[in-house]
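Every chain is named by a letter (A, B, C, D, E and F) in the order it is written, and numbering of its residues begins at 1.
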Amino acid sequence: MSKPFKRILLTGAAGGLGRLLRDRIKPWADIVRLSDLADVGPAGEGEEVVQCDLADKAAVLALMEGVDAVLHFGGISTEAPFDAIMQANILGMANLYEAIHKCGVKRVVFASSNHTMGFYKTTDLVDADMPPRPDGMYGVSKVFGESLSRYYYDRFGIETVCLRIGSCFPEPANPRMMITYLSADDLVEALRCSLFAARVGHTIAFGVSDNKAKWWDDRKSRHLGFVAKDSSTQFEHKFPDSGNYAPADDITITFQGGGFLLTGPQYN
Amino acid sequence: MSKPFKRILLTGAAGGLGRLLRDRIKPWADIVRLSDLADVGPAGEGEEVVQCDLADKAAVLALMEGVDAVLHFGGISTEAPFDAIMQANILGMANLYEAIHKCGVKRVVFASSNHTMGFYKTTDLVDADMPPRPDGMYGVSKVFGESLSRYYYDRFGIETVCLRIGSCFPEPANPRMMITYLSADDLVEALRCSLFAARVGHTIAFGVSDNKAKWWDDRKSRHLGFVAKDSSTQFEHKFPDSGNYAPADDITITFQGGGFLLTGPQYN
Amino acid sequence: MSKPFKRILLTGAAGGLGRLLRDRIKPWADIVRLSDLADVGPAGEGEEVVQCDLADKAAVLALMEGVDAVLHFGGISTEAPFDAIMQANILGMANLYEAIHKCGVKRVVFASSNHTMGFYKTTDLVDADMPPRPDGMYGVSKVFGESLSRYYYDRFGIETVCLRIGSCFPEPANPRMMITYLSADDLVEALRCSLFAARVGHTIAFGVSDNKAKWWDDRKSRHLGFVAKDSSTQFEHKFPDSGNYAPADDITITFQGGGFLLTGPQYN
Amino acid sequence: MSKPFKRILLTGAAGGLGRLLRDRIKPWADIVRLSDLADVGPAGEGEEVVQCDLADKAAVLALMEGVDAVLHFGGISTEAPFDAIMQANILGMANLYEAIHKCGVKRVVFASSNHTMGFYKTTDLVDADMPPRPDGMYGVSKVFGESLSRYYYDRFGIETVCLRIGSCFPEPANPRMMITYLSADDLVEALRCSLFAARVGHTIAFGVSDNKAKWWDDRKSRHLGFVAKDSSTQFEHKFPDSGNYAPADDITITFQGGGFLLTGPQYN
Amino acid sequence: MSKPFKRILLTGAAGGLGRLLRDRIKPWADIVRLSDLADVGPAGEGEEVVQCDLADKAAVLALMEGVDAVLHFGGISTEAPFDAIMQANILGMANLYEAIHKCGVKRVVFASSNHTMGFYKTTDLVDADMPPRPDGMYGVSKVFGESLSRYYYDRFGIETVCLRIGSCFPEPANPRMMITYLSADDLVEALRCSLFAARVGHTIAFGVSDNKAKWWDDRKSRHLGFVAKDSSTQFEHKFPDSGNYAPADDITITFQGGGFLLTGPQYN
Amino acid sequence: MSKPFKRILLTGAAGGLGRLLRDRIKPWADIVRLSDLADVGPAGEGEEVVQCDLADKAAVLALMEGVDAVLHFGGISTEAPFDAIMQANILGMANLYEAIHKCGVKRVVFASSNHTMGFYKTTDLVDADMPPRPDGMYGVSKVFGESLSRYYYDRFGIETVCLRIGSCFPEPANPRMMITYLSADDLVEALRCSLFAARVGHTIAFGVSDNKAKWWDDRKSRHLGFVAKDSSTQFEHKFPDSGNYAPADDITITFQGGGFLLTGPQYN
């Protein structure tokens, strides 16, 4: 029996989330095309491997051939010197959507980030229509990507879900991640909903599990049908209650971006 | 022991929802008065049957005598020639509220429709205060009904819950109904809450089960106490994931109204 | 030199505003077609006169032939028995838009009314996106018209400006009209803007002069370019300051609808 | 092993909620300092007892010494003559925050009340940013407290959670309390979250269990991580459905404040 | 010819604004009753002078006898020790409204203050429905007054305009006052509108001239009909452009409250 | 007498707006440093000329030395191949703010564009907090700039006014520009306000004259004190009323971006 898509492209396949997704997305397409600048290992069954620098426009155009849908997890996923971010996340994004447009791809999931909003306070509730408040050059590059994909939807009808991913790790490494935790299963379900909803237009959604504390109000993306099943509550014992409040001038506790707030931008 | 009401009037008792409700509402009133233009069969125990054309003012006034509360499911419930809609849903509604006013009825549930809002996009989240966007003459007639009942509340204090009913069928017949599905049990519970809440003023509520994907934000009617128990999730297997997106110009996928978008208005 | 339109249809030409507009709109069209149920007198130069009952579908269709744009001032403009309102303002409106659709008319100005909002308080500020609060069956019929024209725009792209007209009289007759006053010149300018703006989509605008006290926030229709030139301030001397407040239960002072609040609905 | 805080101050320890909390908060601090104007009985292990009139500035300053965090349940918790409310809830509150400021306390939970909002309608949904609508002098004094604590946060960085407590009784005593019910366990959890969240700034939160009917939208405080576990649903059988609606002029049913609406202010 | 009111009470008649108003309000009432704790000099024609401590309930009740409307400018109008503020602005306010209620006064203008909102940023736009952010105990006491008068309106129908007065001085003394400047004429006109508007309910309005830079969005009180005629623009030459920006930690420039931000609360 | 600033940097000095501003800004600084990639001609009195490629980080750092404030009009101001836009508007912007940060510049005016919002409809009213809807790669690059400058404000306190400039030409060249027209005098005044307001934080403002028709609601930047003096009304005669509506599929009339909507992105 044929699968929903003929070919899905997964960029950033060598990254942390890329490796996590590689097997999980196989049910969705006859062929999963895996791409990264780094080595993703040999192609398995139902896989194609294409090493590709997103900053190389011709290579990206070739990469897109025959693709039905794109899961864009490529690029740089942390604070870095701006030149690198610009090549990977800005030029790479522009090349990607040019290729998507030329090849007639209809649906994209863009791995955006909560760091587009990292300068909201930890006492704020953020939703998809509030102005961006990036917490570094990485976050700024993700705002660029959301804005670029908005344009491609408004002008050419290319549908994108910008998934502002929280903290997708096996378990929370600090109290902040109790709030931003996204389980692997919930990530996969969010992607599944984003790919198979009948219409998504240009949707900005928050990729986060059903944790007790919330910073993000995701009701504007409930048309996707994503309902988180997991919660960070199971890890509560790791972070016992404490009355040792962080100092008032510790911006990593005051603003949502956490540690990212201190790193960027990196001047060289 | 006496029941909460002495007499409830159910209009549209011969229709699909009317037949579904006939037995379910018996615990709420000593007598259920069943009305329709069509034949509703013989009156059972605790029932009264009154055949009535809502466009007949005198008949409607007679129909209302001795009634404590009204469940108004009468009228035309789909796209139709405007003359018919006008008689049933506009003149009928005006006659009904005139009679309600004259007879001192205090509480009404009006079966409104999601088609009052069918021209919002399938990527929009609609709430009770947003401007109407009807998807046909049927939807326009329901906006009329909501507006008329609002007036009767503001002017005369007659309390109405306008229940914008989703798709109340045994099971979803298409992917759209996975989002709009309202189970029979949830409908009955929504009616129960609407009738027995201490105050409802003029409330616009969305009658929909707890489906995963949502188009409607119903938090502004949580004073009713209605909490859906069912979900369309049990029918997911009927609609497997598919990457065959509808064409961009298929308005039935782009807007919430679905198939209704194509039918009305009907010129004859 | 030819005028902007070939033929404008003015309905309600025998009414108060119709008579006021008859000469003022001549510069906009080679021919002004004047219509009313009542007698509008003989056609002058550049005029056509068509007596027409809006409730007569065939007549309305004939009336629309060759028309470029419509100024719809026809129908009943005050509280009246519902049957009459239904024929004129509901069936008439449905007939009108059916004809507009069939004849390919592209632009309509619908004389709506502040009585769509008459049950907002006199201390409220109302804008175009707030839910309707009609103050009688007349107001309800105008909500119907706004909703119907919205549908025709969403479905067929027919552009309408719903102009919620305040009180267009030579001078304010009571203190309420100091707030709702619309001068004849300002009305004409609002119509001109509504007809000649490059795009109006479906716009709800408030037709009111630049009076000191305001109930209506019209900023959402500033794309029309209408800027009122007149003000009721010139009539201030007619209504000297008074400390004789109306009783608390005088709803005509508490709600925006004024005297209309007491008249409707009229049961016969 | 040491507890999160060295010393928590619980004011109002002799009151209904104070007695309920006395044992429940022990796990949070090495020492719980109990204070009231009334007798709280002898100090148990890990307890200190300080009788204190909050209107006595010097006494309050002494009371605060060595305190890490404050649970302020003191003062008058019902309608009363204004002189008494002023001494306890206004002067008391001012003295308390002066002492908090001088002693360097960093975190406070202030037992505010739904009566800050009691003049919203029972069909309204209230959230933390809506203007106060107190239902008596008691409610006005709580608005004062919220405003005062806001100032101390904006100016001095003292973090306060204003917990607008619903009806914290063993079980609902009337239908209104089915909506406002807060279980003891949920109260304790709300306090725990308020004390141990990394940052709370100045948060206004609603202390209410997960009841079916809701008047309060608490999403703006979800950064606290409070998720109610209990519900009034278990008490539904106590209040069977009834069609005997309260008269339209019964303000205790029309507005959220219930019985409080009728009591204050008390002139003597 | 008789004047609009028989007797207006002006409290705070010995204060800066009180003295300014004394003559200006004479056209509105046959008798102006002047009250203050301080000496207001001898009564002129059409004047009554009553020395009164607002903290003295019996005296306030006597003061109110025969009064139609109140302009409440009494109390403390700057940062001061809390005991003094409490007596004058809190107890005084409670006494005043108790007397207003008992004597059947129907309309009050309460001189509130921009310092209810002084902790909004100088880059914020504040409107009447935003949560209070007082900048000191004086501001907190004004929030109390607004809240108290709201209660008296919701419960007893006593109409109050809370006029958040900017800086009413002959001319701006610093750049901040270029934004907050209220001319004497504009103050008088705002009072006139507040007294003579047919209904004001409970209105919060901003008393500020038509200055170029604005912090306050007053559109929600346009039902009053107040339109400022003056502007601080005439004083521009006093404050030439300067690139010497205040240091980032100068809160008097960052927040709207200006110098008040540094003064309160005053502990003694 | 010394001028407000010692040295202002004007980038893009060879461009249309740069040339217009060159003389107009002289009163604001002892020295105006003029920069462009193109030739700006010889330095006049009180001028310094520095040819500089904004994509050259070292050159930009040198350019910034000794600068108090920046008027950033540099970069590409129309649709162009993305490589060029990226070098000038993205890398250039990053370099600029890195230099601004390193050199301690406190105030920047960034010439943003209405094309950040070009995909809002011509019937929409846009304000500064609404999500960006760029109409091409040029617009996307301006969103990047707004987002980058927001970050530099949130993280480092560098104040920027993003001025979304309308159409700053001697006169409107088409009907769209009747709405977007910004006179040279109004541009200069907007810059003056942006430079000399005591605090601007990160403000997004719309640079447009007081034209009759408006798409942009600029009230959230009224703290700047900018009040337009000019209007496009003087050019009304150039664009007589016309009933020749553009076809429904002409996106340049449907969306605010006008002709830009058709040009980008440019693939090479």
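Everything that follows uses one rule, which is that contacts are C-beta pairs under 8 Å (C-beta built on N, C-alpha and C of every residue); 3 or more make two chains touch, one makes a residue touch a chain.
None of these values were measured; they are calculated from a predicted model.
Novice: So which chains count as neighbours of both chain B and chain E?
Specialist: Looking at chain E and chain B together, the chains touching each of them are C, D.
Novice: Please identify each chain that touches chain B as well as chain D.
Specialist: Looking at chain D and chain B together, the chains touching each of them are A.
Novice: Moving only between chains that touch, what is the shortest number of steps from chain A to chain D?
Specialist: 1
Novice: How would you label the chain A and chain B contact, same or different, if same means the shared numbers make up over half of all numbers there?
Specialist: different
Novice: Between 0 and 180 degrees and rounded to the nearest 5, what angle rotates chain C's CA atoms onto those of chain F?
Specialist: In degrees, rounded to 5: 120.
Novice: Distance from the CA centroid of chain A to that of chain C, rounded to the nearest Å?
Specialist: It comes to 51 Å between the two C-alpha centres.
Novice: Taking each chain's centre as its mean C-alpha position, how far apart are chain E and chain F in Å?
Specialist: Their C-alpha centroids are separated by 41 Å.
Novice: Looking at which chains touch, is this a line, ring, star, complete or other?
Specialist: other
Novice: According to the definition of touch, which chains form touching pairs?
Specialist: Result of the pairwise touch check is A-B, A-D, A-F, B-C, B-D, C-E, C-F, D-E, E-F.
Novice: Report the residues of chain D in contact with chain B in the complex, numbered from low to high.
Specialist: 121-125, 175-176, 178-179, 211-215, 217, 240-243, 245-246, 248, 253-254
Novice: Quick check on the complex: what are the chain E residues that touch chain C?
Specialist: Within the complex, chain E touches chain C at residues 4-6, 28-29, 68-69, 106-107, 157, 159, 192-193, 195-201, 203, 219-220, 222-227.
Novice: Which residues, counting only chain C, touch chain B once they are in their complex?
Specialist: 82, 86, 90-91, 94, 98, 102, 119, 128-137, 139-140, 143-144, 147-148, 150-151, 154-155, 255, 261, 265, 267
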